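Below are two complexes that have chain A in common, paired first with chain B and then with chain C.
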Partner chain A sequence: MSSKQLSGDVKVKRKFKIDNWIPYLFILPSFLIIATFLFYPIGTVFYYSFQHYDISAPFYNKFAGFENFVKIFTADKLFFPSLMTSLKWVVSQVGLQLIFGLLFAVMLNQTFKLRGFVRAIAFIPWAISGVLASVMWSLMYNEHMGVFNDILMKLGIISEPQAFLASTSSAFIAVVIAELWRGIPFFAITLLASLQSIPEELYEASDIDGANKWESFIHITLPHLKNTIVLTTLLRTVWEFNNVDLIFNLTGGGPANSTTTLTMYIANLAVNGSDFGYGSALTVISFLLLFVFAMVYLKITRYERED
Partner chain B sequence: MKNLLKISLLLMLVAGGILAGCGSKDDGGKTADGKTKITFWDENAGPQRTPIWEKLIADFEEANPDIDVDYVGLPKDSSKSKLDTAIAADDMPDVGSVQTSWLPEFSIREALLPLDDYLADSELNDLINEGAVTFNKDVVRDGKLYGIPYTQNLDVIWIRSDWFKEAGLEAPDTWDEFFTAVNEMTADGRYGYTIRGGAGGSFQLQRLMFAYSGLENYFDDNGKSTINDPKHVEFLEKYFDLYKKNTPKSDITNDYKEMIAGFDTGVVAMVHHNIGSYGEHSKAFEPDQFEAIPLPKTEDGRYVAEGGNTINMSIFKSTKNPDEAWKFVEFINSAESQSYWNEQVGQIPTNADVLDMDWIKDSAHIKTAFEVYDNPQTVLYKPPFYLPDYRSILDNTVDAGTQKVMSGESTVQEFLDEWAKAVEDSEAKYNDAMK
Partner chain C sequence: MVNSRSRTNKILFFYLPLTLMFTWTIFPIYWTINTAFKHEGDIVKRPLEYFPTAPTVENFVVAWNNVGFATFFKNSLIVGISTVLVVIVLSTLSGYALSRYKFKGKRSFLLMLLATQFIPRAMLIIPLFIIFKSMGLISNPLSLIITYTAVEIPFTTILMSGFIGNIPRDLEEAAAVDGASKLQSLRLVMLPLLLPGIVATAVFTFIYTWNEFLLALMLTNQQSKFTLPVGLSFMMGEFNVNYGALAAGSVIALIPAVILFAYAQKHLVNGLGGAVKG
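So, the complex of A and B:
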């Protein structure tokens, strides 16, 4: 081997290496942004969960070890009730939104006059901000001037005005209905998009084979929608679990904590209590819960796997 | 080599761009045209108070052409947490409107500038209400003055005087008369009273309890809280008994807005708030339709009010222009500014020169407040503002506890025991840390 050849080899090698780095350089800015605004804050939440950290009382701040976590599971009177409320909230929201969303999607997939217009109308609730929606709903539920009381009184269903958001037995249902109204369009939009991708031939073929509407829904429509359903329900579960805007504005978690979900509880702790150490520990727990849920859910639904 | 150069150039560009984004210029609080800039944070911004501040700031800038005041309005509900964060991040304003209950905590965190010397050298020295200034010193650990009170408030009961007249009833003076009046006023689709069961209700509940019991201290000598004193239990049992019988059902989630709306739309006859809501009522009613009365007297005939019901002008320690900041504090506390601010809001000025002005003599609700504050027998009880979680106990434990009692899920005794335990634990933890 001559020395010239050798140096040429080295040169090729080095050039090869630099070219390899170029793409990373291009993604570096976005990586830095994600790292700064996502990984770093998430990391600090884990860090603070092992600290006593209260910005309004720096003289209490110190390393806590597992004290925050021990307190959550042994001394916190609100943790398990709020976790149960979260569970009720997520199951009722995701379940009902899926059922009604699917119903709407199938309806909007039919051909009828003014279909485009009706589709646009059906998606409006999704486009309304959470705060605005909660103001609307709190006015409609109002004891003295709410439209629900007016209608129910006129129909003779109730004899005197009710304060729907003010009773521990009805507040949760009232908030569920309001959020349901806002969440259905999400399922309707995504399922409708998915419905439109099902080839018409399949329905024709099943028609020739003598299948009725219900059978073709079960054997053609649902299997085609499976991946969309799995993904949307997973996304929605995470969102609803973390959702506070409507609850915060309609009831603030009350009355008597009957609408306090885990996320609402954490928000209250951070906003009113400025107890970030304990709040972080609760956040870590809810992060782990959602993480495990997502893993298990994707596994048992065999997401993206053909059976 | 060429490639290496390219890479390093690119890297420098990226890094430079990011650093430029993060960088901040330290201009020593000067604007481009050489004026001194000071930032002022208002702790209760909104359609009512923001325009008042804007007018006063414009007046100040006209009188001091070399100072530029930057107004930042914080909504009432989140102003405390915004200030907390600003202090933790060492990114504080120069001047702030600070509630008296925040002074102990802010002073321990060394966020504020002591103003004793500034006040001693100022014309304001003998003019600002001495009781309020002394309270501000008493409430902090080191006994220094960290805020100049520019307004004073007092809890009152707003009543529909026209309805009382129609029914031939006198405005209640004692608690027995109060409960009777609530009952009498409940008729014809109207409610006699409205309870604040939602956000902020705990603060009002506490003031009512002490007004009934006449107790002066929050803790007894053994560190036991007076919150679950039998007198307080007795009062709350009567008080919550009014719920649904004499009040709207939705009271359990009532916050300020809804409670005031109930009164101003003619649904309820009496509401407990403070003289600061005068502006709202005067928009809804003619002057002879409503009036403010003091919270009823104790059994032995004394008024009880919560101490420290003032708001202060404070200077934050990180300011680069303390003298300009003090000029602004002084300006806001001048007779003219205080008079304007307090007349607009409907509260009590602390500057003695304002007290002789005509609008004070002509406004009935301010007179009512003076009646209470000037009465030598009036008791001012001191809440434990120094406890770091004083506020979160009220917001979280007490507000939720109130709703549990109102919905029948717990008894008054259980509720007050829980509240008392929370403050006792907090007191013990605080004493431990301060040893």
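So, the complex of A and C:
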């Protein structure tokens, strides 16, 4: 466009310009708050990971180079075990939540009396906080007043009350079960929404072709759910990797660190106010692990966003 | 014959799993309520009471007055309502920009919103603590309101832009023809139609703030500023746990979240399902 043309139509141009700025004005506050309180802090984590940074002893704070990272991989006795615990935690959570979530969704998609009510109840744990769920399950696991001990003893499976959360053999499983309770509804909700978008005709057609229920589940339902499953499992993996609410409140990472995931380890360091530089270095490593995982996962599942 | 077999099948493969699912979901909640209404001595009594034989509200009184749940409840309410107000205004504006305008950088902004969904929340606890400490906002509800807004805005913006996209453009154009300014048409034409979407977004945001634990724990170090999750956690960690009051406190914390969830369930399920489906 030449400048002559522009100068000939100044008024229109100016009005046009103000309209142009409206979307930017509208997104500006959101952009600023995201940039300042999400992206900037993430940036500083990378910075602190190269520092010795102890908030209670600021005099000793200094540049650390790669010292924190070297320490993690060579001297930290908790790093690799906690990474393994994270892996166990994420795989068991996401895998079981997906299986049971799918089961719940398929059941809740059938027609039966009181379906609306049962659906509402089935989704409730999604709205319940990790801390609240911790209280509920700790009341049930309790050695002296817990309902599990009562039932298991009545059934003759155990003869003495057990402290499920204090024993290395049962603590991890106990926390996994409690978190499942809270996690399944998320999958049930998203998968149910996806199930409802499958056209009924597809099932009718496969019925006419003589397919049984299982076959139409494999050939119609699952392919249709694929994208939802890929995305929800990915989001959930990131979420469960970072989720410490139940571990923090049920076991605090114990006994003998048997429930200390990498994030729990970081949370303990952060809450106890030890070297933030070291905690940041651990955070950077978990971020990179998740990032690589997400890339690889999206690649191998050939996820495609429907537009 | 065939009929009775298929009925047995239906009971075995549908109603039985359905009942198990229902029991599994409801029992922990029931047990907490059951515990909350028992006298202190009855909680540990053998045989265990599956139903409070002599129900009492003393646990609720203790939790509310002596343990500090009145304060925790008030703090959670302040943080929750403030965050909801800020989030609604900001995400309506940015959602409107996304669904109604084509502009340079729109794709990058959308990408930025999506990228935030992959930021580990736990990654934020250390740097945010340092930032808010330097601002003198530790144990100040403002630090939580700001943090929760930042965490929620990306998702609620996408949610709101979806809701706004469902409202026909013609309505606004008609308002513009009638001489309404942009803001007037937003307020008078869009807002009433958007109300269900706004309610869903508000409930979603409120439940998040009501339940969030790790950031609240990190950014609060005075008991008088604890939100409900931090208060509950603090109580669980005490040497002599008062289980009755703990259960009662849980029921108190549970009620608003469940009522809001029940109220907005349909919208939330559609919104959440839709947002994840993409």
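As a working rule, the second predicted complex is superposed on the first by the 277 of 307 C-alpha atoms of A that agree within 3 Å, B and C clash if a C-alpha of one lies under 4 Å from a C-alpha of the other, contacts with A are read in each partner's own complex, and residues count from 1 in each chain.
Here is the rule we go by: a contact is a pair of C-beta atoms (placed from the backbone, for glycine too) under 8 Å apart; a residue touches a chain by one contact, two chains touch by 3 or more.
Note that the structure is predicted; figures quoted are calculated from it, not measured.
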- Task: Look at A:Ile55 in the shared chain and tell me whether it touches chain B only, chain C only, both, or neither; answer first, second, both or neither.
- Result: both
- Message: With both complexes overlaid on chain A, does A:Pro29 touch chain B (first), chain C (second), both or neither?
- Response: both
- Touched partner set for A:Thr168, first chain B, second chain C, both or neither: first
- Message: By the touch definition at the top of the document, which applies to A:Phe123: first (chain B), second (chain C), both, or neither?
- Response: second
- Message: In the overlaid three-chain picture, which partner chain does A:Thr263 touch, first (chain B) or second (chain C), both, or neither?
- Response: second
- Message: Going by the contact rule set out at the top, does A:Leu290 touch chain B (first), chain C (second), both, or neither?
- Response: second
- Query: Which chain, chain B or chain C, is in touch with more residues of chain A?
  - Reply: C
- Task: May I ask you to decide whether A:His144 touches chain B, chain C, both, or neither, giving the answer as first, second, both or neither?
- Result: both
- Residues of chain A that lie at the interface with chain B and also at the interface with chain C: 22, 29, 55, 142, 144, 252, 271
- The answer for chain C against chain A in the complex is residues 14, 17-18, 21-22, 24-26, 28-29, 31-32, 35, 43-44, 47-48, 50, 90-91, 93-94, 96-98, 100-101, 103, 105-106, 109, 112-113, 116-131, 133, 146-147, 149-151, 153-154, 157, 182, 207, 210-214, 217-218, 228-230, 232-233, 236-237, 243, 246-247, 249-250, 253-254, 257-258, 260-262, 265, 269-270, 272-274, 276-278
- Listed in rising order, the residues of chain A that touch chain B in the complex are 15, 18-19, 21-22, 25, 28-29, 32, 54-60, 142-144, 161-163, 165-168, 251-257, 268-269, 271-275
- Residue set of chain A touching chain C in the complex reads 20, 22-24, 26-27, 29-31, 33-34, 36-38, 40-42, 44-45, 48, 55, 103-104, 107, 110, 112, 118-140, 142, 144-145, 147, 150, 181, 185, 189-190, 192-194, 197, 227-228, 231-232, 235, 238, 241-242, 244-245, 248-249, 252, 263, 266-267, 270-271, 276, 279-280, 283, 286-287, 290-291, 294, 305-306
- Item | Touching residues (chain side chain B, partner chain A) in the complex | 3-4, 7, 10-11, 14, 17-18, 78, 81, 84-85, 87-88, 105, 108-109, 197-199, 248-253, 262, 265, 267, 388-389, 391-392, 395-396, 399-400, 403-404, 406-407, 409, 429, 433-434
